[in-house]
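Next come two complexes, and both contain chain A; in the first it sits with chain B, in the second with chain C.
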Partner chain A sequence: MMELIPLIIWLIQDLLYIVVFPGLVTILVLAIVIIWLERKIAAKVQMRFGPLWVSKRIGGALQSVADLLRFSFQEFIVPEKSDRWAFIVAPGLMFAFSMISLIFIPVGPYYSYLFPSYYTILFSVGMIIITPIFAILVGWSSDNKFSFIGALREAFLLISYEVPFLLSVASMIVLYRTFNYVDAVAYQFRGLPGLVLNPLAALTLLIVMIRTTGRFPFDITEADSELVMGLFTEYSALFFGIGMATPYVELYAFSLIFSLLFLGGWWPAPLYAHGPIMGLIIPGIVVVVKAFIVMALLVFLRAVYPRYRLDQAIRSGWSYVLLLSVLSVLLSFGEVMLLR
Partner chain B sequence: MSEKVYNLEEAATLSPSGEKYIVLQIGPSHPGSGHMRLVVWLDGDIIVKVDPDIGFVHRTSEWLSERREWIKAVPIVERIMLPDTIHANLSYVLAVEKLLGIEPPPRAQYLRSLAAEINRITSHLYGIGIFGIFLGSSTVYMWAFGDREPFLDLMEMLTGARITYSYIIPGGVRWDMPNGFKERAETVLQYMERRLKDYEDIWVKNPVVQARTINVGVMKREDAISLGVVGPNLRASGVYYDTRKHKPYAAYKDLDFEVPVMKNGDAYDRLLIRVEEIKQSIRMIRQILKDIPEGKIIADNIYNQLNPVMKKVYEEKRRVMFPAYMIHLRPPPGEATSMVEAGRGEIFFYIKSTGDKYPYRFRWVTPSFRNLPFFTHVAVGHRLADLPAIYGSIDYFPPEADR
Partner chain C sequence: MSEVRKPRDPVTGHIKALAKGFKYLIEPNRMTLDYPAETMKLPPNYRGFFTVDDVKCIGCSMCEMVCPPEAITMVPRIVGSGGKTLPAESAPQDQKAAKRTKRPVVNWGKCIFCYFCVDVCPVDAFRPTGVHDVAFYTDREYRPTYEEYLNPPEDPYKSSKKVVSKADKKRGVSYEPAP
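Moving on, here comes the complex of A and B:
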């Protein structure tokens, strides 16, 4: 009986980690804040007030909550000719896999004892890469030409930006000589942050982030003046809300990866510490704040850029971005040789 | 532009249920269509054929006008082209004045040009804003629509209304320029000049905009002439034609202005030409405010119809009340045409009178209708994503085309 207690504590901690911090609840709060911030920044640039109707005193910050409630009570319509099960399941899987990637992303050293794996970078990147496949399934199952074209665009972009993404992550793996986020952060604690060590990889990852999460100027799969709502044209109710929330979850996951690989992780906090406060909460807050800054930077692009055309995005994916990522790998190799 | 060339004759024979191509019904309820439907045949991502299905907002302006007194056609024609109402108003009144044989006094001519140029700026801003949202830039959309406001306020000061002015009547205009208008107009113009720099930074010189519009939707000079394209879209293709220069009306023969002409005829040139025309309009408004002559704002034979009360109102408030003569207008039998350079291009009016109290024939061609060949001829061979770029760049306004 007594030997079960550590296991139970371990399970509770794991559950708290996934559900509360930095998991589901944090994502929900951050998504609400980032959507609000996105709309407020755009409104500021565009000489408007932005959301102000719900909760006027705090600047309409609860507008996203109101939207979520509205989505929850709306009728969910399944089109007659759609592939029924795929139509219902695909958005959920899309959301789930982008959430699963978060399990493998540590926000503090303490976590490495909870999920003792040496290959967390590979796992998290793999899970993020799976999500667009379900986006394609969403578009296919709707039986709508606009969704279908959106899915095709997603597929094209998926292929052309996957390679630079993997190469930019690979270059950091080469540089840090580890597959583990905690070791990668430890490497940055000893010297300079990854942003300085390999700026090319950072730039590539930023571009890929913009593309994968559908920020401007790569808002191509749901270009409203061409494809109405892209993949989610036929969706309604909570499933539409999930579809809209998934890019923000992905954005969060990407920003966490970016801040761990390039911004020194939980740098001002101590590298190794025990206990939930120093081992998880404080480093976690540092990482999440860094990720939030990256997210805010990316949502600001919406106010500046219109969208590229599909062929232009694909061409730049296979030329400039691929070239950048290859150069970043070479740079990493060079640095490794030099530092040795 | 794709390598493969699609033949227009071949495209014309395609049926809507073709198996080879994806047939997209863009509109009439679609964020990128406006009040019309575009049936698009797609070969992969390449447009094979576009069939613009117009008429969803046909409002029978001609039929209605043929069954009403002459003066009542003014608000009807205005409602057809809402961002650009003064030009519809002006073109109709010019035709009626030709039938009546009256000439407005110089001050009224200047006021007409003033209202027309302010309206041209709002019309171009409207077009730039719609172009912005079609390419995905909500910033330019909001900016352009927000920057229309000072000009709409200016028009409200001048005419008493924001959109539908009904300002121009046969023989002159209804209101004189109010006190303080010149100062107010000068601040608005300076504001717009400042803003144009911002537009250049965020929109005209934006690399993404340039990538999306340069060499997209090229209308060659010969095609533009033979297809009968009008207005800024014609001038973007390199044709020096502007009704204000070639068949001057209102005060345009006294004004010193340039007609901007571009070379390439692509979507980017059509964007640039609107920005340039806003600059020319600002220049013209300054001249008008400086040179406007004193005098009556209504022709003498209309003024003589005013009763003593109306004359008193006219002297005190500089406002023309409608004499009974106006509603019982019976132009002598005959035909008249008029041409006016509106914001989107040339309006052509044809009116026939039999001496009755209603027009016998009332026909007009609006610029948007004449810019339709852009969909059928220019969009073919481009990618689907270029369709909003072409649509936005020609500043097409479906209600105006449907009339």
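Moving on, here comes the complex of A and C:
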């Protein structure tokens, strides 16, 4: 019995690392910051002020906190004709699966001792791919034409952009010859970052990221000028907040994947290190900063782009993006042949 | 056969757009006002809330007829001392003695601030108040009684900084404190 105590302490400690560091707390802070940043960047480019009324001194940075508080205390209304259970459960599942994908994304070498798995790339990608299915469920269960059209659009886009997504990840798997993030990062430590090795895959993944997280120019499922709020038209209170936050969690997960696969992971920090400080906190901060830069770049697109029409988005999905991803796989094969 | 579409250049347009956006990000060119803290000083006859001069008005109902959204209702009044009017209910028992007339009341929920009524009035009885932005919190506040209509809403942003806009060659528009 006595031997178990240090084990339990160790377990709790490690769980805390996971909850605090790549997980919940960081996401909450990042989501709040990135939402504010998105609105502020868009406002700057579009000659406006952006959020300012809450906490004027620091440029309205607390606006998202205020919104979150407001969402938490609002009344939650379930429409009479909605599919009650699906309506309540689907947004939660959507959020949950985008969070679960984070577990498989190691932000430091120490992390992979906590969750030893050889197939982390596959698991995280698989979990992220599941989330749009719940988005479709959300739209279907609301019994609202706007949500339904949003769900249909989501389904169309899901089909057109999933193939390029998987191909771009597959091309990196081919290149690194591993299914594991830590080995992929190790490969980049030995040579060049993935962005240089296979820029086509990086570009494809970026485009797919924009599409899956519904950033401009692909915010077709939300399309507030046509569909009110898209999938989440009927939602209120915290559930609406979840619906709003899920794309940001996905964005975070995607950006982490991007920085691990293409930006050299925790590059200036040491590759293998033991202990939570050198093995998790410092490399984690490096990865999160890289991911944050990617996120900031993507939210910047909101300021520049108008929205694609559905058919345009689908056409470019099946033409340019698919072509890019196929080329990226070929490029990876070519490099593997040459480097061997 | 439908016309074959030339494929558009998929790259340069995006790069140009991103570069332009980035330029504005580092050199923001703000055109809007920090609204409730700063408000525009508007010219005196800029169409806003208006009230009627009880003494000047002759009750001809021209304003009611011309109003496009039918926002004006004529309420029955009786002429009291000094040209001021009194509510019709306060008419003396001797109905003949009371001089009956009508006065306009505007429903702010309907009014589109076209000022046709102001223009059409033969005796120039309407008077702009210089108040433009008022929020009403209940439906009832939209529909003033005649007595309420004589005292139009107050400017809620009286204490805010007043600015005037100025054409600016470089920025498009700029603001400076009102004189």
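Following the convention adopted for this analysis, the second predicted complex is superposed on the first by the 329 of 340 C-alpha atoms of A that agree within 3 Å, B and C clash if a C-alpha of one lies under 4 Å from a C-alpha of the other, contacts with A are read in each partner's own complex, and residues count from 1 in each chain.
Just so it is clear, a residue touches a chain if its C-beta (ideal position, glycine included) is under 8 Å from a C-beta of that chain, and two chains touch if they have at least 3 such contacts.
Computed from a predicted model, the values in this text were never measured in an experiment.
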> Clash or fit: chain B and chain C on chain A?
Replying inline: clash
> Counting only touches as set out at the top, which of chain B and chain C does A:Leu310 meet: first, second, both, neither?
Replying inline: first
> Touching A:Val228 in the superposition: chain B (first), chain C (second), both, neither?
Replying inline: first
>> One more residue to check, A:Phe49. First (chain B), second (chain C), both or neither?
In response: second
>> Once the two complexes are aligned on chain A, which partner has more residues of chain A within touching range, chain B or chain C?
In response: B
>> Quick check on the superposed pair: does A:Phe71 touch chain B, chain C, both, or neither? Answer first, second, both or neither.
In response: neither
> Is A:Ile41 in contact with chain B, with chain C, with both, or with neither (first, second, both, neither)?
Replying inline: second
>> Let me test your reading of the model: by the given contact rule, A:Phe300 touches which partner, first (chain B), second (chain C), both or neither?
In response: second
> In the superposed arrangement, which partner chain does A:Tyr161 touch: chain B (first), chain C (second), both, or neither?
Replying inline: neither
>> Which partner chains sit in contact with A:Ile149 here, chain B, chain C, both or neither? Use first/second/both/neither.
In response: first
> Is A:Tyr320 in contact with chain B, with chain C, with both, or with neither (first, second, both, neither)?
Replying inline: second
> After superposition on chain A, which segment of chain C among 2-10, 20-28, 92-100 or 110-118 overlaps with chain B?
Replying inline: 110-118
>> Need the overlap of the two footprints on chain A, from chain B and from chain C, as residue ranges.
In response: 45-48, 303-305
> Which residues of chain A touch chain B in the complex?
Replying inline: 42, 45-48, 145-146, 149, 216-217, 219-220, 223-226, 228, 302-312
> Can you list the chain A residues touching chain C in their complex?
Replying inline: 41, 44-49, 52-53, 300-301, 303-305, 316, 320
> Which chain B residues qualify as touching chain A in the complex?
Replying inline: 22, 24, 30-32, 45, 132-140, 142-143, 146, 202, 206, 208-209, 211-212, 383-388
>> Considering only the defined contacts, which chain C positions touch chain A in the complex?
In response: 10, 17-18, 20-22, 24-25, 28-32, 34, 36
